[in-house]
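The structure appears below as structure tokens.
In this document, chain identifiers A, B and C correspond to the written order of the chains, with residue numbering beginning at 1 in each.
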């Protein structure tokens, strides 16, 4: 590209101009554009590869970046700004009955295994229900139970306590209070609750002191 | 169509060409005002100084010519011709002070305004179309991204929901209305399963009491349940045609035997 | 909560970041995006108007420029680079002379009724002509005129401004001169005395000043 060249009549546009051209072509074309195609579209003597390198540099760190796709080039939204391409609508739904019951069992009986939850609810607990509670960050996996099979246990989280405005899970009203509040209309059988809970209660205390 | 018209007319070639120059284009005029504007250009003056009288004469001559060529002119061309003839007379005659309405000058001024305005709009349209245009001279983004609509669902529950949920489970427990003591109950299914197995060995009439399982004939509660189950199972088997069943008289022992496969 | 400024929790991203966001959003779409929509899509506390000013400056003289269209913004390739984009050129239906004139009349006289268009052109306007302009999304129906019969009026659209590279309707070429020469007035024919024109002129002034 030296000036002494005889081709100077057909001298290529200055590099800054070539950059503009690359910018415009890549902006307006519906598909990624190869260097070959750029060469075909830009004036004679242009060096699209070099111009591309400059454009790439210019758009580094910008909201759109020049990226290579196969052997073609295109502008793309910067990866970290993908969230702008979404319009979020937040919808609040009530937790399903199964989820509430499972959550209640975890809260009152923690740490509790899946088998225990099923036993208390009297129906099997779908994986989705527990997963949902974990996703909501209201339930997390606790220590494994030291029994055959070493099943995982579930406990409630700080997030759960925050959401429900509790200092700790022991603040949850007991059956007596529930009944006093009219939430338990029928004859209680308090023994059933406690029987196996002795050990677990200890655990529970540990747990909350850990937290 | 114009061809046939011209053939019928007896004209010199020169006359015909002169007429054609104007007439052939009639279809290209966008109405009388447009025609007037075109005619006015022959005056080669600023539209503000145009002679409306001269223009009216030009127009009337044009309409005359078109009539001679039996060219069909749209009604609005003729309406304009009539109006211009009226305007012409107003402009030529001295104003009559007793006459109502606008003067010839006022009418002429308005026509001049209309022509000027039309020309101005024409020029503006030309300037507009001469601008750089999207998709021709400048371009929009070629690769577009759709804005995704993401619906995020958050779940919520109140402490009351939680307590009610728990109460519901515990109440279900407490309220389990009636738990059968399965220890001293023999079901028909159990009995049936047992008899299906045993019946193969019993060739002759046997008291169903002998089918009671071991240990179920002592405790009266158990014996009652077992007897009932065995009896019900026997009826079921009889219905299936597996056994015969008989009772000599009321309260006599109920006997059963295996029914032989029919061989004749 | 010791912080003096409560809002600091929701501090807006730095302006450089907001610039990137504006870039990303505007690069992702072919249609102009209003400041209002930018505000809705960018994080809380952002100032899209300010960011737009910076972005506009940044792209000055580049191959793509930030242009304002009505109250919306879009990136468009620089006008002098159109020759590179023959491949992208959209073959548009050639507009009839009647359609072009009608478009100009709507643009310069808006809001304008069909009767007024006919008055200016001295010929009746075929339904197809206006329909075509509406279909191109260059003309839309405006408010009804508060005159007997309450005729509909026509106005030009944002798409019209976008297509002809106009920031707003006041930028129409020669508008000032035409107005000064009284050629945008709706002068009634001397024999027909119409008093309602006062309102119409008001409307027109409103429109151009609103933009």
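Here is the rule we use: a contact is a pair of C-beta atoms (placed from the backbone, for glycine too) under 8 Å apart; a residue touches a chain by one contact, two chains touch by 3 or more.
Every value quoted in this text rests on a predicted model; they were computed, and no experiment measured them.
Put simply, the chain farthest from chain C by mean CA position is A. Nearest to the overall CA centre, using the mean of each chain's CA atoms, is chain B.
The distance from the centre of chain A to the centre of chain B, each centre being the mean of the chain's C-alpha atoms, comes to 35 Å. The distance from the centre of chain B to the centre of chain C, each centre being the mean of the chain's C-alpha atoms, comes to 29 Å.
Centre-to-centre separation between chain A and chain C, using Cα means, comes to 41 Å. Annotation for chain A: residues 24, 27-30, 75, 77, 85, 87 touch two or more other chains.
Each of the following residues of chain B touches two or more other chains: 139-142, 145, 147. Every residue of chain A that touches chain C in the complex is listed here, in rising order: 19-25, 27-30, 41-42, 61-64, 75, 77-78, 81, 84-85, 87. If you check the complex, the residues on chain B that touch chain C are 30-34, 36, 76, 101-102, 106-107, 110, 113-114, 116-118, 120-125, 127-129, 131-142, 144-145, 147.
Note for the complex: chain A touches chain B at residues 24, 27-32, 74-75, 77, 85-95, 97, 99-101, 103-105, 107-108, 120-122, 132, 136, 164-166, 172-173, 175, 178, 181, 183-189, 192-193. Residue ranges on chain B touching chain A, taken from their complex, read 139-143, 145-159, 161-175.
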